[in-house]
Each structure stands twice: as C-alpha cells, then as structure tokens.
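Same chain, two partners: chain A is paired with chain B first, then with chain C.
Presenting the complex of A and B:
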C-alpha cells in the first residue's frame, strides 16, 4: 500500500476503476512520474491515479496496451499488431500523447 | 533492381566493403516490405520488395546499414527490435578454432513489426481512415498531432506514387 504499492488504481470519467500492477502502469512515462514521485498517499491506502478526463472504454484499452507493451518488449516471440478499433483511435491518440506510451 | 528513393539520412551510410556478410532477409510479417540499403552517400536505396513470408538472399558487407518499411504505409519495421540492421562478419557464426567451411551458411534475418507505441499505433489507425493530408487538420487534435498525422498521410501517398 502507499508509495511501495504493487497495484495502482486508475479512475475514469464515468466512475470505473482499473486496478493494474504497478510494473504495467510504469510502462507509461506519465504514470511512472505520477506514482514514482513523493506521495501523500497514506501507507495503508492503494496508489490512485486520476484519469477523469477519459472514459472507461479508452482506459480499458490503455491498460490492455500497457500489459502488451511490457509482455512483448524484448520478447523473442512473434509480436502481434496491437488491435485498435477505428472509432476509438482519435481518443487513443489523445490519451497516448498525454501518457507518453 | 535497386531504386534510388532520393531520401538522405546523414547519420547512416555504408562506409566500406572489406568484410563480407551473407544474409537471408525473411519477411516475418503479413505486410509487403521494402528492404532499403543505405549507400555510401547516405541515400536510401530500395533494394527489394518482399511479399509476406517471402525471403531473398543477399551478399552484403559489414558497415552497410539496412532499413525496413511497410511498402504501402511506410511504417517502420525492425530486426530484433532494432530499426537499423548492421551485418556482422560471415565467420562470426562459427566457433573459434573451428574450420571455416568453403561455402558459408547464410545468417537468417527476420523482419518483424516492432512494439509500436500506443501513440504511433493509434496514429496509424487514424491515418488509414484519411485520404488527404489536409484531412488531419479537420480533426479535434492538438496542432502538433495534426501536423504529424498530415506528414504521415503525405508519406504514405508519396510511397504509393513511387510504387506506381
């Protein structure tokens, strides 16, 4: 819990929460900066990141991408193309630009 | 036959042709791939276009850099996660002290897609749905992203013109 937490909770605009392992969140430079710096989070509280600019369907894809990135970076297995639906692509450009991932 | 694309890259160029390297380039993607050799002037020379799963054998040299692009979209492709392939001496694949064969084997070089950033991947999808560079400026995106997107569309169109 707190700064040494293994998990990070990401909150969306429509009230959904995504709980992912810290190592996946840190695949985004912005998330890494948010959770890596000095934290006012009490020791017994999970790490939380406020992403209330973005809807849950966008953040769900972001979380999936972060896991894909960690899994396939420096992997010797064949890398599949990360699938993105056309109708979501503009929102993903925006959030990916913000998260630097 | 090699085609001069006329594009220069001042950071990379072939330096000399002293040590041979025997390569088999294998397209391990489902895309058509342009295999680009960078010549002694740093110009990109389209050496071969490979259909999906195809290969070609190439006698090249240490210090000769190679790049790989999707033939249609100009998206970058990689070998072992690196954008630039730099051939190694042909004899490195053999153990020290081992007799060198009269006919050396070829090093297999697999061209694959990289782990694109989410930013790059989503820009690719947006680009695939637009037809003209000016369409990028109609989207609700920061101006830097609009310019980047317009540039990608222009690059794709230019690649298609050269191919035709």
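Presenting the complex of A and C:
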C-alpha cells in the first residue's frame, strides 16, 4: 500500500482495472514518473494510475508488452514475436507514444 | 566518423558456433571470436554461423577483417540454419539461395542466387571493419564500413519465420574475420506499432487520412522519407561474378 507498494492499479476508460507489478509498470518512463513522483495517495491505499483516456483492450496489450519488455530486455535468449493486431495498431501507437515504453 | 548504431543499446555476447561451421573454418581466441578460413590452402568456400538468433530483436555487430582480403568472395551477413556452410567450389555462398543474405568484399549483395551492386569493391589487402545492423522489427539489414553507413541492403526480413543467424564465409586461404563488437537494443512499442501500420499504409496520402495527432503522423512518416533504393536484382541465377 502507498508509495512503497509492489503493485500498481491502472484504470481504463471503460472502468476496467489492471493490476500489475510495479517493476513492470516502471518499464514505461511515463508510468515511472507518475508513480515515482510525489504521491498524493494515503499510506493505506494502492498505487493508482489514471489511464482513462484509453480503452481496456489497448491497455491489456500494453500490460502484456511491459512484462514482455522487462523479461526480454536483460535476457540473451531468443526473443519471441510480440504480436500486434493491425486493427489495434493505431490506438496502440498513440498509447505507446504517451507511455514511452 | 559517424556514431555507432545502437549507442543506447547494451553489450551483447555471442560467438561463432564451433558445431555449426565448415571444417575449413578454425575458431580461435577469447570466446572463439576469431574465424580463420582455409588454414592451409583453399579448394572451396567455407563459412560459419553465429550463435545468436536475431529474429524480433535489433542487433549490431562488427567484424574486423584482417589485411588478407582477396579472392572470389569473402562474405558477411545472415542466414537461416539451412544456408550451406561448405562447398567444394569458389562461390558466393551466402545468398546463393533464399536461405542467406550477404555482402561480398566485391561490394555486391547476394540473395536468392541474384546479386546487385551496393558499394565500392573493398580494396584488396587493406584491413577493414564491417558493421552489420539487423533490425528484426522493420525487417532490414544495413551494412557499415569503417564506421560509415552504406545504406539499407535488404528488406522484408521481418517476414522470415525461420530463425536467422549471423554468418560469414570466405573462398580465400588464411583469411580471417574477428567479431569485435556486439550490441543489442530492445525495440520499443512505438516502433513496433509503426512497423505494423506501415505494412498497411504505403503512401503519405493514406497516412494523412488516419485519425491521429500530427506529432504521431510525423513519426509514422519518417521511414517513408527513406531514399535508399529498393533492392533490385540485376542478374538472375548468376552464381559467380
């Protein structure tokens, strides 16, 4: 709970919440700045990030990508393809640009 | 001197595969990074594959080519596991078929048994450094010589489903190539999305119709300004030059 929390809750435009480990969220420079900055959340509340500009189907892909990125950035094993559906690519490039990840 | 590619990337570690080479290639030195071709005399073409699987990542490596540069073909590039690494003939082995993509010291690119002019022939008997940049997201292979970028050599590599590996080969006796630098970079989500979008959108006009902020449209159109000529095969089924 609070600034030292291990998990981050990301809320989407359509009311979904994604809970991921802080270390994966921090793979995005924007998330890192949002989480690491002066926190207004009281000690006993989980860390929350407001992504209410974006739909849940896009944020779900973002969360999967952040885990993929953390796992394969420091690994020298073969990297599998990260599939991006062309129907999602326009929304995803917008979020990716915002999140810098 | 131009800056190295992947300057924000990290060091990578791989080497020549001692179990995946011609008998006429000997591997020496720390980490077996020195490839020595035809130690006694040469009666054919010999190559070796690197241990790094390149697909879906961005990698850069440099080869220190020793002073002995001569002969039919000394080649640098990539290939699948099906690319041949030995033949009892002097030939442009890397790129003789669809399993390899190579640049020869004569400045020619080879793939699918076809070749095209790419850069000036290397000066014989003058040591040089060849850099290879593989981008598994945009699907391109780019060469560098002594720090100068020579331009995109091959495209469409992101459509290759089989694993791709670095490969070098040579027809000439006692020639040597040393892996001197290896870097890798993790391709960000934005670049990955751009690669997917540009498969569907091929003109600036189509791009302008998309509902995206101007800043992002500008970012998407950057590769479209690429003025490097697409790979044009000049001679069909010519196997040696």
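Just so we're on the same page, the second predicted complex is superposed on the first by the 101 of 101 C-alpha atoms of A that agree within 3 Å, B and C clash if a C-alpha of one lies under 4 Å from a C-alpha of the other, contacts with A are read in each partner's own complex, and residues count from 1 in each chain.
Basically, a contact is a pair of C-beta atoms (placed from the backbone, for glycine too) under 8 Å apart; a residue touches a chain by one contact, two chains touch by 3 or more.
Since the model is a prediction, treat every value here as computed from it, not as a measurement.
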Using the superposition on chain A described above, determine whether A:13 touches chain B (first), chain C (second), both, or neither. neither
Between chain B (first) and chain C (second), which, if any, makes contact with A:82: first, second, both or neither? both
Regarding the shared-chain residue A:92, is it in contact with chain B (first), chain C (second), both, or neither? both
Which residues form the common part of the chain A surface touched by chain B and by chain C? 62, 65, 69, 72-73, 78-79, 81-82, 84, 86, 89-90, 92-97, 99-101
Of all residues in chain A, which touch chain C in the complex? 62, 65, 69, 72-73, 76, 78-82, 84, 86, 89-90, 92-97, 99-101
Touch list for chain C against partner chain A, complex: 12-14, 53, 55-57, 136, 163, 186, 188-190, 192-194, 196-197, 199-200, 210-213, 215-216, 219-220
Touch list for chain B against partner chain A, complex: 28, 81, 112-119, 121-123, 125-126, 128-129, 139-142, 145
Provide the residue numbers of chain A that touch chain B in the complex, in ascending order. 62, 65, 68-69, 72-74, 78-79, 81-82, 84, 86, 89-90, 92-97, 99-101
